[in-house]
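Two complexes, one shared chain (subunit A), two partners (subunit B, subunit C).
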Partner chain A sequence: MKTIVFIKEVPETPDGVKISDSGQLAVDGDRAFLTDPIDPYSVETALKIREEKGGEVIVVSAGSTRAEKFLKEALAMGADEAVLLSGAEIEGGDPTATARALAAAVRKSGDFDLLVVGDRAADDNSAVVGPVLGQLLDIPVLTYVSEVREVDADTIRVVRTLEKGREVVESSLPAVVSVVKGIHEPRYPSLLGIRKASKREVPKWTAADLGEDPARLGAAGSPTRMRSLAPPPAPSGVEMIEGEVEEAAKTLVAKIIDRKVL
Partner chain B sequence: MGRFKGIDYYQVEELFSEEEILVRDSVRAFVTDRIMPDIERHFDECTLPLELVPELGRLGLFGANLPEEYGCAGVSNVAYGLIMQELERGDSGIRSFVSVQGGLAMTGIFLFGSDEQKKRWLPAMAEGRKIGCFGLTEPDHGSDPGSMVTRAEKTSAGWLLNGAKMWITNGSLADVSIVWAKVDGRIRGFLVEKGTKGFTPVQQKGKYSLRASDTSELILEDCEIPAKNLLPLSDGLVSPLKCLTAARYGIAWGAIGAAMDCFDRSLAYAKERVQFNRPIGSFQLVQEKLVYMATEITKGQLLAHRLGRLKDEGKMTFTQVSMAKRNNVQIALECARLARDLLGANGITSEYHVIRHMLNLETVKTYEGTHDIHTLILGTDLTGLSSFH
Partner chain C sequence: MSRSIWVIAERGASGVSRTTKEILGKAGELAGEGGMTAVYCGADASGIAEELQRYGAGRVCLLVDGAFEHYNADQFVHALAALAREKDPEIILVPGSMNGRELAAALAAALGGGAVQECIDIRRDGDAVLADRAFLGGNLTAVVENRSEGPKVFSVRPKAFPLPAEDAGNAADIEEVTPVLREGGSRTKRVEFLADEGKTVNLTDADVIVSGGRGLGTAEGFDVIRELADVLGGAVGASRAVVDNGWISYPHQVGQTGKTVKPKLYIACGISGAIQHLAGMRTSDTIVAINKDENAPIFKVAHFGIVGDLFEVVPQLTARFREALQG
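Right, the complex of A and B next:
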């Protein structure tokens, strides 16, 4: 079972990110980046499948060289290999252009059984990369997966957690699975894992290595573009109800009824 | 409170290797996720979170700077220090558990044990399957351990131990206790296994400090152990003192972690707490406290980092460890007291954690060589004139 996991760096919010007056993102140095909080769940999903079925886990990220640290964290958790897709032609892509780079990396790495991504990235929240990957590679996509019930050589059965309930879905392999937080409790990188990982060189593949037209990658190849950013409106109308518990509860109930919340 | 990011006013992070940063970040995440949510309950109920012991073992935190051949992680001493820093950001009691297991018990077996003893105990202790403690201090002999009264006599089958040890972290939990006793006036180390006849650990009650930690008295009454349980390379007071140097090294780093947590909470509080229509952080008296804390933490970080590099290069002296332990614990305690003050009435509640650090650090100031004893060690070293005798 060969599983490829995709991770990405995201700016840390809210401390690391500022929005300039002109509506652009200003990130406060390298330390303000971290691996997407969903990533450890994706990696853990792949590691659990490997523990049960054997095989290998490859972790891939597209973006700046900062992501090397996060790939090493995945290696320290137990992934077998890591690859960074990097270079000016790849960086700055929107989800579609990024998915093109990832799909090219998948093709370059040969046969595979399963691709795992987070359900959505913490920065743009787009939830697009997984589905576009499926389309580019012409394989099924299973989104919002909260449990992997069964995997064998040709099929996977998963539980999808949707707004209106849970759905058990079976699919042929290879497939793309996008996982939600809580699918597993991610393991912490052990010290021995870290020692091994920090000695590893993470291979870097450029657009040329991927054999992909640079015009379809990175900022240049992105069909969408962010025009401007604005912070969410500040919360307003917060009212602290003082007093004894019973009295405060009565006041709260009165306010809920008064404002027709229920 | 957002994700804990540490305090790094002097770009100290640039002094660490990639591996050291990965180690710190892994332990930092573990402390945030697994220790912080429940630590106040454990402190309140006077219990050690034993459920975390296998997890700490899986991470490789026990004896992390000891060699891989004994199942340990073999990280640098700086990485080991960062582990202690992060653990004590959680709680001094948790750090003490790991310190005693690794810095004292495992180090004692590693330095003075036979091959058989090392192979039997170290891998199991590294995994957290076996717990160790270190019995040196006695009810009437604390700062002056050389005058201990615990005795070991040779018998036909082994050794007969008599005496009592006090203030022993992990004492009631330990599967193996390193007990220091005099043989014909010379201090030697012995391994006493849990359940040995004549060996009784008694948990000490009534602590207002280090409550999420087991502190026990060890009573040895005609406690007979096999001959093979002598630590063969232990010889004289210098042997336990070598272990103490290893553990004090960890404390010098750990205290910074507690101070960092106090500063982090104080800074957040100073920005959020509004009095006289302004965040209290805008008042000069509050800023002075924050500046003092940040400055002392930064100095402590640099002291600990340099000490770690010296240890990695095999050049560290025990007097340098005394300086770092003495300074860093003192400033951590001062930071905790300032944080308690800065947080006003909230500072005395468990919700804000700083008073727990403050109470814990009173112990840390006293154990593993009191602040004053380290002053005397340094005074003696600087002048060449003994301050003890």
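Right, the complex of A and C next:
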């Protein structure tokens, strides 16, 4: 069973988040980053499957060289290999352009059984990469997966958590799975794991290595472009209702009735 | 010839989903001479076309096949992409339910472009089509241009647009199209569906939400919240802290890792207002906060606030609302 997990760095806070010259999400260089909070869940999902079925877990990220640190965190958790897709042609893309780079990396790495990605990134919140990978690689997609029930050589059975209930779905492999938090409690990396990972070299693949047309990657290849990015309009201000509880409740109810929201 | 705007219609608990209707209203505004087409995939389309027509669709395109009994990306995306390649709509609007967001992303990719997800507004600027959407869990709002060369796909967040009035006089061209299905069938198969137990918690559709936080103290604290919600015909929400404490189940959670809601009235009781919670409810029409701590951040986004003990204030509100709504 060969599983490829995709992770990404995200800014720790909204401060310093801005638009690049090409209309993509950018962050001032001096800001702190972390691995997307969903990433450890994705990695854990793949590690659990390896424990049961054997095989290997490869972790891939596309973007700045900062992400190398987070790939090493995944290696420390127990992933076998890591690859960073980097370079000016790949960085700074929207989720669709980034997914194209990831799909090209999957093709380059040969046969695989399963792809795992977080259901949505904490920065752009777009939930695009999983379904796009499914289309680009012509494999089935299973989103919002909260449980992997069964994996065998050519099928997977998962639980998708939706608005009104849970859907148990069976799919052929290879497939792409997007996971939600809580699927498995991620393990902490061992000290030995951390020490070993720190010494590993993470291979870096560029657009040329991927054999993908640079016009489809990065900022140049992004089908979406931001025009502005700003905090939402400030609230109009709160009206505090004072007085004894009974009086205050009466006043508040009258004001709400006046607003005709009921 | 001017290109059409598509609305992908989705079935709700009874008939066409509310979000579909909201989007039909918006699509009517955006449509030019090419008009607006509602496209529905399902195993059974009874009543759907008539309802889409009443909500303003100029054309209704029905793709009916047993392969669409349950949503599955394989068949839905295949059939819709084939039809989109043939008809070449300018814009495709998809209800931003969970499956809808998956569909939007996959459909856009199948057509060579990219989707803009969970839009809260969509408008034109010359030839460009722009959408507003939240980034970083609602801490930032972006204006995004969809520059996809083919059809521009957007998923739309529930309640982004008002529910349009029904127009019984509107007549649509209703067409049934034989869908182009994926050869070999869907690679995914629904094995079973485990509906959430008890009363379904549908926070996304609720007009009124009464939410409780850490200030409730215990799981039993939710009793006063439920009473107020019952009187208002609303749903019960919760902060992440109390869900983590096990006082109430996850489907009630509002916020970045829970549901994003936009009711007409949101009453936050004993919720301090962590940024992740605010991200999930700050666009509600009217926000009321009840909290002991006058410095709680929830008051910064509220329209009305009462500083006090929720166990005194909330039962009073319940009594007053009961009087007012009966009168």
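Throughout what follows, the second predicted complex is superposed on the first by the 213 of 262 C-alpha atoms of A that agree within 3 Å, B and C clash if a C-alpha of one lies under 4 Å from a C-alpha of the other, contacts with A are read in each partner's own complex, and residues count from 1 in each chain.
The rule is short, and it goes like this: contacts are C-beta pairs under 8 Å (C-beta built on N, C-alpha and C of every residue); 3 or more make two chains touch, one makes a residue touch a chain.
None of the values given here were measured: they were computed from a predicted structure.
Of the two partner chains, subunit B is the only one that A:Glu12 touches; subunit C does not reach it.
Partner contacting the larger number of subunit A residues, of subunit B and subunit C: C. Of the two partner chains placed by superposition, only subunit C is touched by A:Arg227; subunit B is not. When both complexes are overlaid on chain A, the residue A:Val141 reaches subunit C alone and has no touch with subunit B. Of the two partner chains, subunit C is the only one that A:Val128 touches; subunit B does not reach it. Applying the stated contact rule after C-alpha superposition, one finds that A:Lys69 touches subunit B and leaves subunit C untouched. Within the superposed three-chain model, A:Ile194 lies in touch with subunit B and out of touch with subunit C [touch as defined at top].
Overlap of the subunit B and subunit C interfaces on subunit A: residues 14. For subunit A in complex with subunit B, the touching residues are 12, 14-15, 31, 69, 72-73, 76, 187-192, 194-195, 197-198.
Residues of subunit B that touch subunit A in their complex: 2-3, 5, 13, 17-19, 21-23, 25-26, 29-30, 55, 58-61, 64, 68, 73-75, 79. Against subunit A, the residues of subunit C that register as touching in their complex are 70, 73-74, 77, 97-99, 101-103, 105-106, 108-110, 113-118, 130, 134-149, 186-196, 200, 202, 204, 207-208, 232, 257, 264-265, 282-283, 285-286, 288-289, 299-308, 312-313, 316-317, 319-321, 324-325. Across the complex, subunit A meets subunit C through its residues 11, 14, 17, 19, 23, 25, 94-97, 99, 122-128, 130-132, 134-136, 139-144, 157, 162-172, 175, 181, 222-232, 235-236, 238-241, 245-246, 248-250, 252-257, 259, 261-262.
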